[in-house]
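Two complexes are shown next, each including chain A; its partner changes from chain B in the first to chain C in the second.
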Partner chain A sequence: MNGIEHALEYWYPIAMHNELSNGQTRRARLLEKELLLSGGANDSLTVTCNERPLALQSAFDHWWVTLSENPLPLFTIPEADEAERRFVPCGVVRVACSPLRAVENFLDIAHFPFVHTDVLGAEPHTEVYKYDVKIDESKDEVIASNIRFYQPQAAKSAEGGIETEYIYRVPAPMVAILYKTCPQKADAMDVIALFVQPLDEQTCDVWPWMALYDDTSTMADLIQFQQLIFLQDRSILENQIPRKLPLDPGLEIPTRADLTSISYRRWLKKRGAYYGALENC
Partner chain B sequence: MSFTLHNYVLSGNCYKIRLMASLLNVTYESIAVDFHPGQEHKSEPLLQLNPAGTLPVLTTTDGTVLTETQAMLVWLAQQHDPSNSWWPVHSKPQITRVVQWLGFASRLTATVGELRLHSMLNKPVNVTAVKTGAKVVLRELESHLTEQRINNLQWLTGDTPTVADIACFPYTALSPDAGIEHDDYPAIRRWLHRLRSLPGFITMPGIYELHELRKPDGYTVSDATL
Partner chain C sequence: MTTQPVGLSIDLAPQQVMRAIDGQYDMAVWRSTSGVVSAWENRCPHRGMRLSYGFVRGESLACAYHGWHYSCEGYCHYIPAHPELTPPKTVRPVLYSVVEQSGLIWVNTEQDAMPVALPDDLQPVRSLVIECDLATAVQALDTRQPHGGVESLSDTPKIITFETGGISQGAVVAIQQSQPNRLIVHMLVQSAVTAKDKIALSRLIESVRRQAESACNEAT
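Right after this comes the complex of A and B.
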């Protein structure tokens, strides 16, 4: 077994709200199964797999689907209820990599100066200072906090470089959420999430989503800022070898910055989340 | 501001214009169009500007609207290159070759560009046809660049870069985004490298700065595109 049974227990993003109009259909793939999406009246959606209708729910501007009869509950993002935020679904990007690698890369700040040069990082500010990682037992989530990093342009709304604070949450194996200093609102943090739809162990569709305080940028500007960053990651992700994520230390040399990554891999292993991992369980 | 560009950050065609403007040190106003997921380039206001529903669109201060990238490159060079080297008006044989390669650039968009949009944004295309087409086009470019090298010419149409090099650069450089690596194309690799060394060169996602132009010790990802 490669962990697919474990993966089947979760909810996955499959479409944005209002993406399919009434009568419009689209095919999709999830965990190696072929799905059919059909738009209905009043922005409704049905999803079937071999003509069997699947359970659906709506959250964070996306439709979430599960293949399980008895799924785990969907994680929560309390900031999604804060009406003053701008909610920005950024569309979908296909990446030829393991869904776990897409999450792991999102958690890694050390690559900022080299991959997102002059935006999320810049030389010589390459040092990753000490930060905290723990497993939140009550929610069973990986949490990394107290992360500080110098950023030339932390967000579309940033005017010049700032030291940014980050917090990361991994509430499900294929979901990563970050909170970062909001350049426009001193006491608040912007929220950026990656919702990953696994097509198979080596291909995923990634749906970035943001909940920001920014009342100056246009929607197109906000989306393109996020796409610029994510597409820089995409070419790196597609070149990572092996394609699947190794959960055992030693196969790849971890650097000091990889504390979050190490915890994430351990947490995956502990819960049997081997889908997209190099090792079989 | 010399012009306005309706722009999409992931578009190789929009990048041609951003790159040419940067190489010529020209500033301009950029308007972000929600190409994906919003399909804004197919919306009524944009279709009025460009009935073809494509990006980029360049509008000049005197009201001229250009919707073909190759024409935009020529316009930029005519306006902002006093040396007349990017659009070599003084050499009739060279300018013929430049126009030839400007036309070739459209074939790159139609093959590599489409395959890339399919691989990245799941655009429905005839995958077999565009993949085969992409390899044919890249092979043609590779042979031409090899021949140029034998004649001691570093660029597509002569011994200086022209708008033709800029027109053919983005989708050739971005072919790994579409799953076509550069390993089999050594002459293309050398030409991409040369182009990335030009003063004023700028990047886009999938096209990175050259390692050797960065500070020592800096880990970079340039090898992925070299």
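Right after this comes the complex of A and C.
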């Protein structure tokens, strides 16, 4: 059992809005199945698997697809309805790693000074202060809060270093959302999400998406900033071994800074989300 | 388990890290600032990052992902996320036995490294990868001998002395069988030879590679 039955219950990002023009087609892979995407009139899309049309819905500037007849509901991001925000779909990055490793890396702050040096972190500001993690029972989500970290350039719009506050949400095994201090608007938080499309247990396409308060940067600059960050992450993700995520402690040794990762792994295990995880580990 | 030559000493300067593969063993081999060489399993005990992507600080190897520092004995002694914490002794990658001798770095992943005895005064020429099996590579080397077959000093790892036209002392070739069809050939030369001779040897081993790889491609 590699957890594929469990993974099939969810919705996954498959394309950005307006990515395919009318009549344009593209192949895609999801959970080891081959899909065909076809753009239609008025920015519509159809997705088929062995000629069977799949259920689709549109959310957060992406098309979401499911292989299930009876899927779980798609998670929500209330900030997606806030009209003053800039919504930035950042394109797609292919990563040769488990989809779960991609999510876990997104939840990690201790790597900022070493992987995103002088942007999201810098020595000697490496300490990860105590923060809180809980499982929100009503939504069945992992929530990490009260995270503070010093960042030299927290966002495209930041001028100089600031202490940034973070909150993380994991609403589905292959989705992570973070809220962080907005450099341009004191009382608001920017939203950055990572939507992961699992091609198989060891390969994924990652679709970053942002909902920001930033009225100065160009769209191209915002996308480029996020892509640069994610390419730095990819150089790590493709060199973690084993490629699948171990769920039980033993093979990998965490510390207090890894509380989010520890809770994420437990939460995956509890719900049987083994797709992309190491068997018996 | 045999002791494998994984590289020329000269190619691993202080503060450098390299990756070596020996069959199913993936290793990080690194040299501290003072010159100590270590060979470890290529996996950080924290979150599995390959340690060969790490960086050397003083007498420590730091992992590229979260910067955990490991001493030459392998113990983690600094976790940047918790600067005050003394990590438990259990945070340690698997260590392999490593010895430097005759200008080569030798590793044994299962027991103490015992290098093959080689002539004194070897000087490094270069290392290069040949994508073929051992027999084909040895055959290709053989055809370059002006006076008959290569002389074997050792079979596992394959170490042969190799006569070369014009260079009186000949060369030593230590072949590391990294993967079934991936050899790493480390070439050294006896006694003092000129820079020009070294260039000639380097060209020669390149042409051996071309010959061996095309023979191998034809066979498959």
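Everything below uses one rule, namely that the second predicted complex is superposed on the first by the 279 of 281 C-alpha atoms of A that agree within 3 Å, B and C clash if a C-alpha of one lies under 4 Å from a C-alpha of the other, contacts with A are read in each partner's own complex, and residues count from 1 in each chain.
Basically, a residue touches a chain if its C-beta (ideal position, glycine included) is under 8 Å from a C-beta of that chain, and two chains touch if they have at least 3 such contacts.
Bear in mind the structure is a predicted one, so any value in this text is a computation, not a measurement.
Asker: For A:220, decide between first (touching chain B), second (touching chain C), both and neither.
Answerer: A:220 sits against chain B, while chain C stays out of touch.
Asker: Could you look at A:145 and tell me whether it touches chain B, chain C, both or neither (first, second, both, neither)?
Answerer: Touch status of A:145: no partner.
Asker: Please work out whether A:96 is in contact with chain B alone, chain C alone, both, or neither, and reply first, second, both or neither.
Answerer: It touches chain B, and chain C stays clear.
Asker: Touching A:184, do we find chain B (first), chain C (second), both, or neither?
Answerer: In the superposition, A:184 touches no partner, neither chain B nor chain C.
Asker: Quick check for you: in the superposed arrangement, does A:228 touch first (chain B), second (chain C), both or neither?
Answerer: first
Asker: One more residue to check, A:115. First (chain B), second (chain C), both or neither?
Answerer: After superposition on chain A, A:115 lies in contact with both partners, chain B and chain C.
Asker: Could you say whether A:127 touches chain B, chain C, both of them, or neither, answering first, second, both or neither?
Answerer: Second partner only.
Asker: Of the partners chain B and chain C, which touch A:240 in the superposed model: first, second, both, neither?
Answerer: The answer is second: A:240 touches chain C but not chain B.
Asker: Could you give the residue numbers on chain A that contact chain B in one complex and chain C in the other?
Answerer: 113-115, 123, 235-236, 239
Asker: Please name which positions on chain C make contact with chain A in the complex.
Answerer: My answer: residues 26, 42-43, 45-50, 53, 63-67, 79-83, 85, 90-91.
Asker: Quick one: which bits of chain A touch chain C in the complex? Just the residue numbers, please.
Answerer: Interface residues on chain A, with respect to chain C: 108, 110-111, 113-115, 123, 126-128, 235-236, 239-242, 246, 251-258, 261.
Asker: Quick one: which bits of chain A touch chain B in the complex? Just the residue numbers, please.
Answerer: 16, 19, 89-94, 96, 113-115, 117, 123-124, 205, 218-221, 223-224, 227-228, 231-232, 234-236, 238-239
Asker: Which residues of chain B touch chain A in the complex?
Answerer: Residues 8-10, 32-34, 36-38, 40, 119-122, 176-177, 179, 203, 205-206, 209, 214-215, 218-221, 224-225 of chain B touch chain A in their complex.
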